[in-house]
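Here subunit A shows up in two complexes: once beside subunit B, once beside subunit C.
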Partner chain A sequence: MKKILLILLLNIFLINKSFALIEVDITRGNLDPLPIAISPLHVDIKSNEYEGIKIKELGENISKIIEDNFRATGLFNPLKKDAFVQKPDIAHLKPRFEDWRLIKAQALVTGKLLVKDQKLKVEFRLWDLAAAKEMDAVAFTTTPSNWRRVAHIISDKIYERLTGEEGYFDTRIIYVAESGPKNQRVKKLAIMDQDGENTKYLTLGNELVLTPRFNPTNQMVTYMSYFRNMPRVYLLDIETGTQDVVGNFPGMTFAPRFSPDGKKIVMSFAKDGNSDIYTMDLDTRVVERITDHSSIDTSPSFSPDGKFIAFNSDRSGLQQIYVMRSDGSGVKRITFGKGIYGTPVWSPRGDLIAFTKMRKGRFYIGVMRVDGSGERLLTENYYQEAPSWSPNGRVLVFYRETKAGTKGEGFSAKLWSIDITGYNERRLKTETDASDPSWSSLLSK
Partner chain B sequence: MIRSLIYSISFHSVIALLTILSLPFMLRDPIDLPPIVSVELIQITDKTSIPYAPKARKIIEETKKKEEERLVSEQAPPAAKAKEKPDRIPLPNEKKEEKQIIKKKQNPEEVKPEIRQASEFEKKEIIDTNQIAALIDKAKEEEAVEQKKTKKITQSSQKNSFASGLTLSQEDALRAQIFGCWSVPLGLPYDENLLVRIKLKLKKDGTIIKSEILDHQRMNKPGQKFYKVLAESALRAVRLCQPLKVPPTGYDKWKDLQLNFNPTEMLQG
Partner chain C sequence: MMFNKNLKNVLLVIFATLILSACSTAKKSGNIDGDVYTGKETVEYLASGVPDRVFFATNKSSLTTAARATLRKQATYLRKNKNLNVTIEGHADERGTREYNLALGERRANAAKDYLMTYGISGKRLSVISYGKEKPVNPASTPLAWSQNRRSVTVKVN
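Here is the complex of A and B:
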């Protein structure tokens, strides 16, 4: 009996002793951009020539795109290449971690490529320099002319591995390209890569176009244009170039958007000064009326699960944002702040709604939770509107116009992007003036 | 007539006098601004880890020895001590109580007067540290919350020292150092448990011999991708910070160290 007691006691004593561990809580860190070294991809000497592409510079060029992508996020700090300490081919096999740490890099990207038999084979590795180990390695094969997309896909993979969140580099933006004087603007539909490259024009500019939006598979675009001098919602297939008027409405239709499953279009239809929200099934062409109110209801946007629609309405006097179920029931006002609210857009993550706010002659782009709480205004300017989400719900793209003189001089419209934290406001590169951007989802999905 | 005039004058003058005397008080702003308290930030390492006076150390060591002897030989249950609140430095009278509890269970002759002496000495010294600790607690409420969590003083460390292995400023120094090294990944969800616990084995100079993520299995669970990214970022922070800013003394206390990384507060703020 005594022995057992003794053992028990010893046990308690030892357990207690083993708990004698000092714990320190770390509740804060820094949000400084992560220093990352992106080594040029090594070009295999066995590579063949390929028409129209300078193979020897391809390694440099791909790493340059990755670098630009990362710099634009504001979350990474790509280090200068002249400080790099190892040749690309050797680094790709096994980097000397301590040397790379010396230049204060925390992560390293290496890779190599080979062009053979009309195919481009790329392989890359992401290294954790502090832990001295490989974090990710991917290889893929494609046609050489796709090399820009390869760079974007690599960027997405690295971004996802380092932030825990999907990337948004292998995406496109559709927008309205504008040219000419202010009172005689020519507006064309244009599409470009997210970094401003590969711009293509989808319409000729004979008719005014407005508010283009992608469908979930990025193959179709819905937008507003004029048909017999009446604004109407159109549908455009990007691959084939065919255009269609949506529905046979006896009046003007505008502000279209796809449902998250891509099967419906939700839009406004106006008649006799009253506008309401309608949906149309693209297969059956069945039109359904969603709101029925004497006020102006417009700018509908589905939640990503398709269960709710956010829209704006002036039913309470000034224009405010409302949320309802997708069948039109349970309408609830969510904005109560001073000023006018418009263009609600549901985030792809489902947690936030982006909007434009006008107050005292100034325009704001902001986000709030889906119940209207936690409003945060991200940016303020003379005129800006039409926010659109990046596919991961982290960045907003919108357009901003400058104030024109009496004869329309000094007027410009440009695309801008901003992080939902309110940091990292940047102008997007476009060939012409631009407005009404819409961000596609990831192309490689 | 004259009399009533005198009355009138005297009454009026009294009222006038009262008015003159009292009105300025009424005019004065009734709001009393609280006095401005100037706060001086000082290094408190010396005060939170007061070295024992040589004489006192001898006495304490003697009593400690005796306590240990007793514990082993007479099987005094240490459970009584475990009840103590782990979040603060034990007050001297609490110590006394403990000892009394132990006393009851043991031979009364065993209790030597030195014990009392020691505790009296402790009293003098500790009161000072406690007050300082309390002040710091008030000044840094946040810190206090953290302290509550972190300072799980176990029985053995209580016996050896008054506080845990690290003093407040030592802990702060370490924390501040790691704050600087930790790049928090941004894609973290707001509504998940984001605690990453890393256990370290350290060398005397603060470099790391071994590091281990305690909830390792969670990293590879489906839907917990963010956790892997978060855990890796924490591990990277520790490695980048090497050598850690550890105190020059007391290696035995901090050679094993656990860091609890939790960015929840930061993301919400």
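Here is the complex of A and C:
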């Protein structure tokens, strides 16, 4: 991915610093989504053919991806293209603002592209229609096969300009692809773009694999595998495909997650009926024991400053969430509500912890402040767990399973996402059944 | 009118009794005591009269009286077959988070292992593995299925 990034010469030629008149209210969710017109990118007629890419349709296809990204946020309402009043190339030069306002658009995206000398050149502009001016303009050059990423990068730029927050479209999700009957499930590691495209399978399904998680600083992954029937935590480089077992533990290691600097893995090690939390430094391979308690301590997650670890433990009887310093000192229980709490995951912004709550046979995904106060339950269902944050801390992805009939029929596992406001719950497109999602950081960062 | 009201009450009482008895028979016919499975539907045998598995209550890894009786039979069998090694698989039901269930399965398998060791079986002959909620024996989403899935299973290795 680094190589692709090198090729991708991000070249901002114009930054309009003028005060933006349109603003998207991101605190409330999708109550009043902003109407936005995303014009197809104009394809320069001087464009050459490029293997495997339909150049003529490329402008349409890129704008379609941007449109889908924006619709999925719940914050924007991309308008139907058949109402568009100007040709893409003309609008890109100078939109007739009053005409676009007539179709109730508040923001307009225009652009053009050229494929020449094995390169794709793209430029786009974001227009504030009420103020009748350009808000942002960006141009860059990349390899044509990167055209989907181009669409996601443009989406991120526009999202950032309109919301003031970092985008999350040029990202991927790693997950466990599931197939087969419920009592003979085949599980493979899979990775896809956040919009469900470009699915690749990273393992063959010969052994059980669980809980893949991205390194927040690069494209490494840690996960659990039953390779040779020895359940252990592994480290996988998804670029090269090389993988290593993490540490030399005489028993099951599981529930791995990276530290925020990507240099350590925190995980559980189970021995003689007791699970405790350990870290391993990936450079020095030094292993440290973090908890030492006769209860089950698992599902550890670092705070983004690396100073604390949240985890769940049944030391009080049933699963509850605890926070401690990253050296294991100062353990403090933070959940006292009615029910069982698990899978704490610290927000990349640092201010919230996402969790799974179980109560009276129902499962909830929720968020709370890091001291356990301000609990908000975002979604309730028959079975759902394992929240993972979008890199901007705005959206949670998790998996949900349905109730099975007496022979296991009707069972499914799917990925879902929800805004931290509790709005905009939606199912993610996956080729197969899916579980244990983990969201990558921005690829272009 | 009066008669009607009395009749209504009588019917209510009969109805309530029927519901209550239905509940208690459901529990018995489902072979669940508390929420521990007591039936034999999913049980296999290491040898004649030696069940291969024991069952646990929700979120628990303590051995019930029935579980201890089964494990004593396994210990006797293992003492007689000195060259036999076994793996004890620990499992959980689907109503918990995946990672906690992995730990819980490991705790259950070790509860069975520890008990076998108190009856003189060497720990070297007993390995454990947890599958958490990954390998249900009964795929249904019912309390009966969950009780059958909360188990440790002793499997011959050689």
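Throughout what follows, the second predicted complex is superposed on the first by the 410 of 445 C-alpha atoms of A that agree within 3 Å, B and C clash if a C-alpha of one lies under 4 Å from a C-alpha of the other, contacts with A are read in each partner's own complex, and residues count from 1 in each chain.
Methods note: contacts are C-beta pairs under 8 Å (C-beta built on N, C-alpha and C of every residue); 3 or more make two chains touch, one makes a residue touch a chain.
Nothing here was measured: the structure is a model prediction, and the numbers come from that model.
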item	value
Touched partner set for A:32, first subunit B, second subunit C, both or neither	first
Subunit B versus subunit C as contact partner of A:343, first or second or both or neither	second
Which of subunit B and subunit C A:46 touches, first, second, both or neither	neither
Contacts of A:163 with subunit B and subunit C, given as first, second, both or neither	first
First (subunit B), second (subunit C), both or neither touched by A:228	neither
Which superposed partner A:360 touches (first subunit B, second subunit C, both, neither)	neither
Subunit B versus subunit C as contact partner of A:80, first or second or both or neither	neither
Touching both subunit C and subunit B, counted on subunit A across the two superposed complexes	none
Footprint of subunit C on subunit A - complex, ascending	181-183, 185, 208, 210-211, 229, 231, 251-252, 254-255, 268, 270, 272-275, 296, 298-299, 312, 314, 318-319, 342-343, 356, 358, 361, 382-383, 385-386, 401, 403-408, 411, 435-436
Residues of subunit B defined as touching subunit A within the complex	71, 75, 77-79, 82, 146, 149-150, 152, 154-157, 164-166, 171, 174-175, 178-188, 190, 199, 225-226, 228-230, 232-237, 239-240, 253-254, 256-266
Residue numbers on subunit A that touch subunit B, as the complex places them	5-6, 9, 12-13, 16-17, 19-32, 34, 75, 106, 128, 130-131, 135, 161-166, 351, 392, 394
Interface residues, subunit C side, partner subunit A - complex	59, 61, 94-100, 102-104, 106-107, 109-111, 114, 129-131, 134-142
